[in-house]
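Some structures to go through are shown next.
First chain A sits with chain B, and in the next complex the same chain sits with chain C.
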Partner chain A sequence: MVDMLADLSGGFAGVLTPENLIIIFVAGMIGTLVGALPGLGPSAGIALMLPLAFGMPTVSGLCLLTGVYMGTMYGGRITSILINTPGDAPAIITALEGYPLMKQGRGGLALGISAISSFVGGLFGLVVLVFFAPMIASYAIFLGAPEYFLLMLLGLSTIVLLAGADLLKALLTACVGVLVSTFGSDYISGHIRFAFVPELIEGIDFVAIIIGLYGLGEVLYNLEHRVVLKLGKPSFNLREYIPGGRDLREAAGPTVRGSVLGTVIGVLPGAGATVATFLAYALERRLSTRPERFGHGALPGLAGPEASNNASVPGALIPLITLGIPGSGGTAIMLGALIMFGLQPGPLLMIKSGDIVWAMIAGLILANLFLFLSNILLIPVFINLLRLIQGHLAGVVVALCLVGAFSLSYNTFNIWVALVFGVIGYLMKKNDYPTGPFILAVVLAPLAENYFRQSIMLGQGDWSIFIERPIALTLLIMILAVFTIGIIGKQVVRRRQTRPH
Partner chain B sequence: MQKTTSLITAGLLGLALAGPAMAQDFPTRGIEFVAGYGPGGGHDTMLRAMAKIIQDERIVDAPINVVNKPGGSSAVSMGYLNGHSGDGHYLMSITSSHITTPLTTNIGLTFEDFTPIARLGIDPQLLVVNARGPFQSLADIVAADRVLNVGGTGTATIEHIVAIQLGEATGNSFNYIPFQGDGEVVTALLSNQLDFIITNPGPAVDFFEAGHFKALAISTEARIDAFPDLPTFQEQGYDITLSLYRGVTAAADISDAARTYLTDMVERLSQSDAWRTDYLERNSVVPGFLAGDDFSAYLARTNEVYRATLTDLGVID
Partner chain C sequence: MKPSETLLLATLAVFSAVLLRFSLDMPYAAAQAFGPGFVPLNLSVATLVLTAAIAGRRLITRRHDSTEAGQGPTAAPPEKPASTGHRAVLAAMVLLGIAVSAMHIGGGVLLPLTLLVWVVSWRLSGHGPVLSAGVAGAVTVCIYVVFNLWLNIPLT
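So, the complex of A and B:
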């Protein structure tokens, strides 16, 4: 413990120069902006900064990259809340609860609460990173394909909880989601499925789907129903935007639980952050005394997932700095950056270049603090900005969505994907089909499929691989519990509702 | 005649480019380096390293710009380069997907529709085991009395082909399990979920130093400088010499002047010290420069190896 604090203070000594502080601050701002733009997520943000980072000394360059990474996680929530357009999969839940608050005229509160839980989540993740990184990494590697498969299944089982009133509709949309996710090359068999045009060889980019389904779908729906956001009078009085004690108390528990969940699951590669947000949401909904408020702007449903989302950033860095194994799209690009800086990512990184890594961690801690303060201060700006463009909101959102879709791979194909899913999203909303199960299936089904096939191959055809491993068995029991509780719970509610008649 | 052909091709594609820019005074503008994958990936980092060294060492004066055309396992970038047929101002990085994507899909383009410039290096394949595991030599693996689990990246990839060839050479049957990306393969070996893996040196090299992993064989024809103590498969009696190539190709039907210029540029690059220290050594890539017709012949041979394997696996007819 003491060693780590000494290392960390050494890291701070390396970071605390005026130039580095400015770089971290600017990086956070750029990250917030990039994350706020639909379509541009952590991977794009880090990649955009790479050429700039290489012109800098190693520590400054890495601070720039990690600052942008952290910033995108703060930024992702802004468009989710303001215009119902998540920039990336982990921000979907934020839109689910944040945007209803916005429509009720409590957008400032949503931004405030989510900034605080983001900060707490990030800080918790960083503390774990500082003290327990090597220990966590040494356990995390023992999770293999069977555990990952079951984890994805656990994520998918939250469909039952996201379903809303009609479980059949939820399962139906989930099935369509699975179908959509099968497009493109399958690395297990080497076959390519449904590649009608070359752009489909790598499958449909789910971020384009998210942009269409939520952003464009919402615009179409609002145009038809002439929805007007309650934005009130312009106000720059910060006090109005700071959440009160009652709201903070309501968000405290979910924030802590979300932080723990995000750190633990964020360590795992692949869809760590996304699974963490959905599980945090499902958990809060299960624990809530008033689950009927979920989907209509419930603070616990906003705070928990937001905390887990940001806690997953340091979580994803743990396997990167201890083993040289990237845990997310963003860290995969960081891996490339470390190599280009002349570092050798791997088990010896902390030993050979510990000073640089600790400086990077110190930079992250500062970035998290700066981002928290600036995001709180910027709330009135965002709210008033939205008020300013309110009359043209539909046009602005469509423009942002199309530019975002284009920037996914700099071609027009994804614009068409977003437009098609925009229409689908509109029809789903109009006919009361939930979008959550659909997008969850799109993101998680291919991972579940591949891990399942890997597991069976590892077991050389023997299914017992799922019950012989203790962690796998635990996960299996949890999935069964979620299903039983979900289905029985719904039956109980239905009985209660029908009894008076 | 060649000019006429290129004009017809361009006309058919509805792209009225090419032709006139093909005078002797090449280049007439900056050169565009095309990466078929996104920023931060292997293609992108190689091209950016090339651009930086070419400019730092003043190998050519023309400005160089790296653009990313990701999508479709390099199909999108192949289409893009094909749209610039006859124009030598484009240089695209290529590796195995330049062969496998045309074989497994119907994009209607193959490596022969481009002008191969040079192979810049190779990623040899290593057989790697966990240092604390039961297998300490290739002989131990051959003598194993059960079906061993082998890990590698993807199906019908170079790792997979090496695993198949090894099984055929030793008479063992191996259970090959494809993973998505080097990181997952390394993790699975680290936690003893696999008996051995086939991998390029990059992701494993630090684990050798840390004492976690041990390499038992390498797929080059002779031992390499980076691992002087590591015997080749051939030395141990198994004829496996397959490596992943990293090269560059230009558009079809470019002028001789452009071809000479590009070849000369990458040849001088490959001879520079900066290339060796800042790209090859950092990324554990083995030098293996091969230009012009030799490179084309190499691609043709590689194409046949992949075609045969993909057919055997039932991926293609």
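So, the complex of A and C:
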């Protein structure tokens, strides 16, 4: 442990130059802006900065890229809370609880709590990265297709907890989500499924679905109900934006739990951050004494998933640094960047280029601190910007959604996709069909399907592969527990509601 | 059942029926593994069953309610005339469709987008034409600077 602290201090010595500090700060701000734009996430942010990083010294270039990566995670929550338009899948839960808070006039509080939780989550993940990275990575390689399938299924099982009052409606939207995810190339057999137009060969981009379902769907719903935001006039009274002691106490437990969950699940390649945020949300809802507040602006439902989202960034870097395995789109581009700088990702990276890796980790710690401070200070700017345009929100959100969908592949196909899902989102919201299970299925079902079919092949057609392996069996028991607790919990709540006073 | 829910369920049923039809042409299973048709076929059947279950439950609830109210079991609730809100939503959908078609045909995004924001702000959000033009212009300039100039996304 002392060795690691010595290595980390060496990393700080490499990073703490005026140029690097400016680079980290600017990278964080650029990442925040890119993350806030609908349609653009960590992958786009890092990819945009690659040409710039190429001309820099290795440490500065890596600081730039990791700063942008961390910044996009902070930025994703801004449009989710302010205009109900998440930029990527992990930000969906933020919109689910943050946007109702904004409509109640507590947008500043939502941004403040989410920034604090993001900071704590990111810091926790970084501490784990510093002290336990090699140990965690050595365990992660023992997971095979059956474990990954059951992990995805565990994520999907939270549908029961996200279902709201009507389980049938949640199951229906989840099934439709799985069907939507089957469009395009089947990775196991190479078969092209439902490619009615050539653009569908690559499947339907889930970001276009999110933009339509949440952004355009919300605009249509607000137009019908003549929803007018009453956020008041612009004001820079800081008291309005700083969370009080009671709010912080309420968010403390969920933040710690979300941080642990995000780091552990973020290590696993695949949809780490998404699974982590949904599981954190399900956990908080389960633990809450007032679960009926969830979906209407519950602080624990915002704090836990936000912490897990940012904790998953260092979590995802653990297998990248220690094993050379990228766990997400963002880390895959980071892998390319490491190779671009002449480094050799893999188990020998820490031995051969330890100084550079530790400098990168030191840069991440500084980026997390800068981002926390800048995001707290920027809250009044974001809120007042929204107050300034609150009367014109429909036009602004429509414009952002269309341009965001266009920027996914630079053609109008994804705008059509967003439009179709905008109408579906509006109809779902109007008739109380939950969107959470739908989007969770869209994101996780392709991974679950691939891992499931690989597992069956691995077991040579024998399904017992799911109970013979200890980790798989543990996950299976956890899934059954989530289902049982979820269904029994709903029955208890229903009985309480129908019982005469 | 509300007309909007009927529309939603009908859309989902048609969608899953179409996928069911096409998934029948895909291999369901091989010797020791499942084929590409396994998930779409099973899930489209499940979707159809769930759609039917929800629709059936709604019908039973309505029949039950109307029997309790002393009306005939087939009595339907009176149709409400289309409200201003419904018309606004329909108008927005049509406007969005026209704008995206114009982007598709014309090849550029910015001009149809500017016009769309102007019309939405003027006709649907209830602002004056001059103020709406100002808002549309400001939004377009911001989008042009961020997306086109900075991020090099070809919007024009």
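The definition used in the following text is that the second predicted complex is superposed on the first by the 500 of 501 C-alpha atoms of A that agree within 3 Å, B and C clash if a C-alpha of one lies under 4 Å from a C-alpha of the other, contacts with A are read in each partner's own complex, and residues count from 1 in each chain.
The working rule: a contact is a pair of C-beta atoms (placed from the backbone, for glycine too) under 8 Å apart; a residue touches a chain by one contact, two chains touch by 3 or more.
Keep in mind that this is a model prediction, so the values were computed, not measured.
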item	value
Side-by-side fit of chain B and chain C on chain A, or clash	fit
Which of chain B and chain C A:176 touches, first, second, both or neither	second
First (chain B), second (chain C), both or neither touched by A:424	second
Chain B versus chain C as contact partner of A:195, first or second or both or neither	first
Touching partner for A:460 - first (chain B), second (chain C), both, neither	both
Angular separation of chain B and chain C about chain A, which is computed from CA centres of the superposed model and rounded to the nearest 10 °	90
Contacts of A:323 with chain B and chain C, given as first, second, both or neither	first
Touching partner for A:433 - first (chain B), second (chain C), both, neither	second
Touching partner for A:396 - first (chain B), second (chain C), both, neither	second
Which superposed partner A:342 touches (first chain B, second chain C, both, neither)	first
First, second, both or neither for A:225, with chain B first and chain C second	second
Overlay on chain A, chain C to chain B nearest C-alpha distance, Å	9
Chain A residues contacted in one complex by chain B, in the other by chain C	48, 188-189, 191, 410, 457, 460
Chain A-touching residues of chain B, taken from the complex the two chains share	38-41, 44-45, 48-49, 68-73, 75-76, 79, 101, 104-105, 107, 147, 149, 154-156, 175, 177-181, 183-184, 186-188, 190-191, 193-194, 203, 205-207, 209-210, 212, 282-283, 310, 313, 315
Chain A contact footprint on chain C (complex, rising order)	2, 4-5, 7-8, 11-12, 15-16, 19, 22-23, 26-27, 31-36, 38-40, 43-44, 46-47, 50-51, 53-54, 57, 84-86, 88-89, 92-93, 96-97, 99-100, 103-104, 109, 113, 116-118, 120-121, 124-125, 127, 132, 135-136, 139-140, 143, 146-147, 151, 153-155
Chain B contact footprint on chain A (complex, rising order)	43, 46-48, 50-51, 141-145, 185, 187-192, 195, 198-202, 269, 319, 323-326, 332-333, 336-337, 339-340, 342, 344-349, 409-411, 413, 450, 454, 457-458, 460
Residues of chain A touching chain C in the complex	33-34, 37, 40, 48, 168-169, 171-172, 175-176, 178-179, 182, 186, 188-189, 191, 193-194, 216, 219-220, 223-226, 391-392, 394-396, 398-400, 402-403, 406-407, 410, 412, 415-416, 419, 422-424, 426-428, 430-431, 433, 445, 449, 452-453, 456-457, 460-461
